[in-house]
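In the two complexes below, chain A is the common chain; its partner is chain B in one and chain C in the other.
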Partner chain A sequence: MSRIETIISELSSISNNPRKAMEDYKKETGKGSVGVMPYYAPEEIIHAAGFLPVGIWGGQKSISKARAYLPPFACSIMQSVMEMQLEGVYDDLEAVLFPVPCDTLKCLSQKWKGTSPVIVFTHPQNRKLEAANKFLAEEYRLVREKLEKILSVQISDEALNNSIEIYNENRQVMREFTDIAANYPNIIDPIKRHAIIKARFFMEKSKHTALVKELNSALKSLPVEAFTGKKVVLTGIMAEPNEVLDILKDNGFGVVADDLAQESRLFRNDVPSGTDPLYRLAKWWQEFDGCSLATDAKKSRGPMLMDMVKASKADAVVVCMMKFCDPEEFDYPIYYRQFEEAGIKSLFIEIDLETTSFEQTKTRVQSFSEML
Partner chain B sequence: MTDTTTMSAKELLGFYQEELYEEARQAKIEGKLVCWSASVAPSEFCVAMDVAMIYPETHAAGIGARKGALDVLEVADEKGYNVDTCSYARVNLGYMELLKQEALTGITPEKLEKSPAARIPLPDFVITCNNICNTLLKWYENLAVELNIPCIIIDVPFNHTMPIPQYAKDYIAEQFKEAITQLEEICGKKFDYDKFLKVQEQTQRSVAQWNRIASLSSHKPSPLNGFDLFNYMALIVCARSKDYAEITFKKFADELEENLNKGIFAFKGNEQKRVTWEGIAVWPHLGHTFKGLKNLGNIMTGSAYPGLWNLTYTPGDMSSMAESYTRIYINTCLDNKVKVLSDVISGGKCDGVIYHQNRSCKLMSFLNVETADMLQKENHLPYVSFDGDQTDPRNFSPAQFDTRIQALDEMMKQNKEGVSNE
Partner chain C sequence: MFTMGIDIGSSSSKVVILEDGVKIIAGEVIQIGTGSTGPKRVLDEALSKAGLKLQDMAKIIATGYGRSSVEEAHKQISEISCQAKGVFFLVPSVKLIIDIGGQDVKAIKLDSKGGVKQFFMNDKCAAGTGRFLDVMSRVLEVNLDEMAEYDARATEPATVSSTCTVFAESEVISQLSNGVAKENIIAGVHQSVASKACGLAYRCGVEEDIVMCGGVAKDLGVVRAISKELKKPVIVAPNPQITAALGAAIFAFEEVMAAVIFAFEEVRGANK
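On to the complex of A and B.
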């Protein structure tokens, strides 16, 4: 097995087995894990406490218990998160960090069915004002206080600034990775690409950085691959389950860039420099754009996606629409119109973590592939 | 000028609603500014600057109640709006699309021509506030981009912990300052702070009369039919910063008090049980929902929804105004939400609760299970929920509604006879 294959295999195995990653971390450090709900929570605070931040993104599941607590028109990801709460999947977490950037999350933050304590905070939405930074820094101060109390630790500014640097390095290495991976769409197929990125959620970040760094240089040493398939940019919340990515792969699609909340949106910006770590983290949210959950009266997402298509020489955009996610659903008509006007092709597929039948997606992807 | 002094409250309601639309149409003709506003966004700033206001949620509800929603929903559908999103937003974005087509081509689209709703002019700018949902942020982003106009945002962060902290009020008050700066730029004139104070005072007088009406449902039997609040709500939304609302609400409260003194009640002698309605009305089926309850002798005397406009604050104090706009019960944690509803239920001396599982409104639906459970543990009152939608007529089944309220009626009867529902 080549070093490239070994690294990919290691990261894939971590991304497929978060529980083992938590257990390994505990064995190694004696410390537990803290859950991080979507979207855009300041994980750095958990890292600075010495605990493992673990991303909570639901999973492929049929929904039964959650039906009693959520109507069917709640988004697919939160249906599956609720189901797993009720199954006790998250109960080994020391705490759960819970941002509320949409109406569904506001409600879900008030009805956690697991046993871990939940720390809720609100992102400001009038983001370009200085007052928003002050507000968010204050919310983060309370998050830090609550974490310190629950975890019985002190989180110093110094430790937090250090964690921010570790995260920024990971962000930078991940941006390099997505750029490099675009040149090797056969080796880094859609599923492997996703697994390498997803492993970030279950690893201490400097370890993830080290492996991806090594992977990047090993990839760069290879000649750029000839690719006969079609290159696409993914946009949306997430592109799971793997069956969806399998369909893309089977139809000869390579992912050359993404605008997914679970992937590149998390690392396309660094946390800006400064001395007050909480203010720095708050400022990240101000500078972040092009996401349905971060209010933007200019709606820069469409133009941003078009720039991504151009820069990555993509053939099309694949819209991965999370079922019943209204923020994403409201963005769609605007960027779709902009794509049409600019002659950019796009394919709309529905993301449903509960489904086990992918025939419709398969048909859509096949006919789109023929159209390109 | 029309003499309003002899009008009944109901006549005043109709008169002022039409007057507001006419003022906006006239403003457009005269080249004055028109603003579209979220229903619980602060109205004080724009009114102080003499901007004509249109409230898309009220307009959409009106289209729904007049059975005109499907035509415009179809337009939104064609534009790519998912049928799972808020139907107020889809009705309005569809309607906006028709107005835009008309403005661009000079030809009035057929669907606009035959829409039963009041004609409204396109906005020169929009103002939104997320105190009743974040959908209002997404919806108004889209209006601003589609029409290429400015968008004023008042963000009131979700109050996950009560009481509301000062730093949240400070953030909102800072946004008020920013809104004033934006308005000065849009209107091309200085902000009139003296007038603003007067508008704040007017708003308080309107809110006081609104609260006076709502409090009358505490009488047993009730002189107020709670469904009337859904109708009068149009003016607390669209005219609370003008005297139109105060005049109409005072008249209505006076009429109700007079009835009370004379022993005239909303359901005459037929008030048997009293219910709380949690959620927005089902506008396209308002008659069906009202009559269904009335036929069983059930009067609605509790609803937290009209209380969204209980915007009591101290004029001149921006922090107090900020608090009034952010403390709305659906913008607060579950414990506070339950407390507010508990007061509504006991204030209305209710025997049961109806929860509207509103396909359009995630924020007002996803905590209903927990809310109902916590309230029942506290007050032992029966409850039911039904599936509906505020303006999309397709998401409501009259038969399901009837069955559910019959079940509630049975449980309330048993409860009154001393049989436990637990």
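On to the complex of A and C.
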């Protein structure tokens, strides 16, 4: 097995088995894990405490118990998170960090059924005001205080600034990875690409950085092969379950860039420089654009996606629409019209973690492939 | 030269045999679909009607929900591409296709050459599909082929949910028990189907000529309701249930011809 295959296999295994990653971390460090709900929580604070931040993005499972607490029109991430809470899946987390940038998260944050303590905080939506930075820095101060109390640790500014640098390096390496992977879609197929990115949620970031850095240089040493399929940019919240990515692969699609909340949106901007770490983290939210969960009066998502298509020489955009995610649904008509005006082809597929039948997705993807 | 298109849907199986890419010599439909005896039976019926054998087919292309399970096919093409191909062959002025089948609703926008520009499908819900009409027909005790006549006699269409077949069924039962005339309920059912399909058509962009195909296009009550909602005339494709199979047969013909031309060019190049 080549080094490239070994690294991909290691990262895929971590991304497929977060529980083992948590257990390994505990064995190595003696410290536990803190859950991080979507979207855009300052993981760096957990990292600075020496604990493992673990992304909570639900999973592919049928929903029954959660029906007692959530309406059927809550997105399937939250449905499956609620189902797993009720099954005690998250009970060995030391705490759960819970941002609430959408209505479903706001409501879910008030009915957490697991036993781990939950730290809820709010992202301001009048983001471009200086007051927003001050507000969010204060929210993060409270998050830090609560984490210190729950985890019985002190989180110094120095440790936090150090963690921010570790995260910024990971962000930079991940941006390099997505650029390099775009040149090797035969090797980095949609499933592998997703697994490499997803492993970030379950690894201490400097370890993830080291592996991806090595992968990047190994990939770069290979000659660029011709790709006979079609190149696409993914946009949306997430492109799961893996069956969806399998269908893309089977129909000859390669992912050359993405604008997924679970993937590139997390690392397309660095946390800005400065001395006050909480203010730096707050400022990241102000500078972050093009996401349905962050109010954007200029509606820059469409132009950003079009730039992405141009830069990555993509043939089209695949809209991975999370079922019942109203922020994403509201954005769609705006950027869809911009695509139409610019002559950019797009495919709309529905993302539902509960689904087990993918025939409609197959038809849509095959038709799109025939259309391009 | 004969080519065959096989369209295996969720609730019906269709086969078209085409001669020289232009003449339909068999176009058969059986009202049971994938996973049943329908595909085999419709294939046998079409061959028998044409007086041909499977070996006489230069190429066979399968389409539809059950396209992957047709062993006789040389290739599978999605029903969206095949509908576009088949409808454009029959109505070359088409710009927007509304296709309502057993479990799918699709709006397909075409360019002037019949290529697919954009398409939208319903989500995983039976509302607005042929299955929805089946359920309503059973509850109302009115045959599917009589529903358009009932609709034509409606005086005050009832309101029927377009969100969910199960909700809509209980709404219809409640209206029946309240003494609402079947004619008015059926007109409401047709409006409900139309609102689902038109939602997809609006996403695609409505442009004439609009052509309807799929099994539900045979229910003129739905066609009228769609035309009323879009405020535009809607053409029903001739024999609307076989248009995707026809498209598949045309694709098969084009692929055979392309291979022949390619081989000819190769030979000509070698002889130069």
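Methods note: the second predicted complex is superposed on the first by the 372 of 372 C-alpha atoms of A that agree within 3 Å, B and C clash if a C-alpha of one lies under 4 Å from a C-alpha of the other, contacts with A are read in each partner's own complex, and residues count from 1 in each chain.
We adopt the following convention: a contact is a pair of C-beta atoms (placed from the backbone, for glycine too) under 8 Å apart; a residue touches a chain by one contact, two chains touch by 3 or more.
Predicted, not measured: the structure shown is a model, and the values here were computed from it.
Applying the stated contact rule after C-alpha superposition, one finds that A:Phe253 touches neither chain B nor chain C.
The larger set of touched chain A residues comes from B, when the choice is between chain B and chain C. Applying the stated contact rule after C-alpha superposition, one finds that A:Glu359 touches chain C and leaves chain B untouched. Contact with chain C, but none with chain B, is seen for A:Glu370 once the two complexes are overlaid on the shared chain. Residues 323, 340, 345, 348, 350, 352, 355, 357, 359-360, 363-364, 366-367, 370-371 of chain A are the ones touching chain C in the complex.
Only residues 79-82, 84-86, 89, 130, 133-135, 137-142, 144-146, 150-151, 153-155, 157-158, 160-161, 165, 167-168, 170-171, 174-175, 178, 333-334, 357, 359, 362-363, 365-367, 369-370, 387 of chain B touch chain A when the two sit together in their complex.
Those residues of chain C that touch chain A in the complex are listed here as 65, 76-81, 104, 115-121, 123-124, 205. For chain A in complex with chain B, the touching residues are 68-71, 73-74, 100-104, 106-111, 120-126, 129, 131-132, 134-135, 138-139, 292, 295-299, 321, 324, 326-327, 329-334, 336-337.
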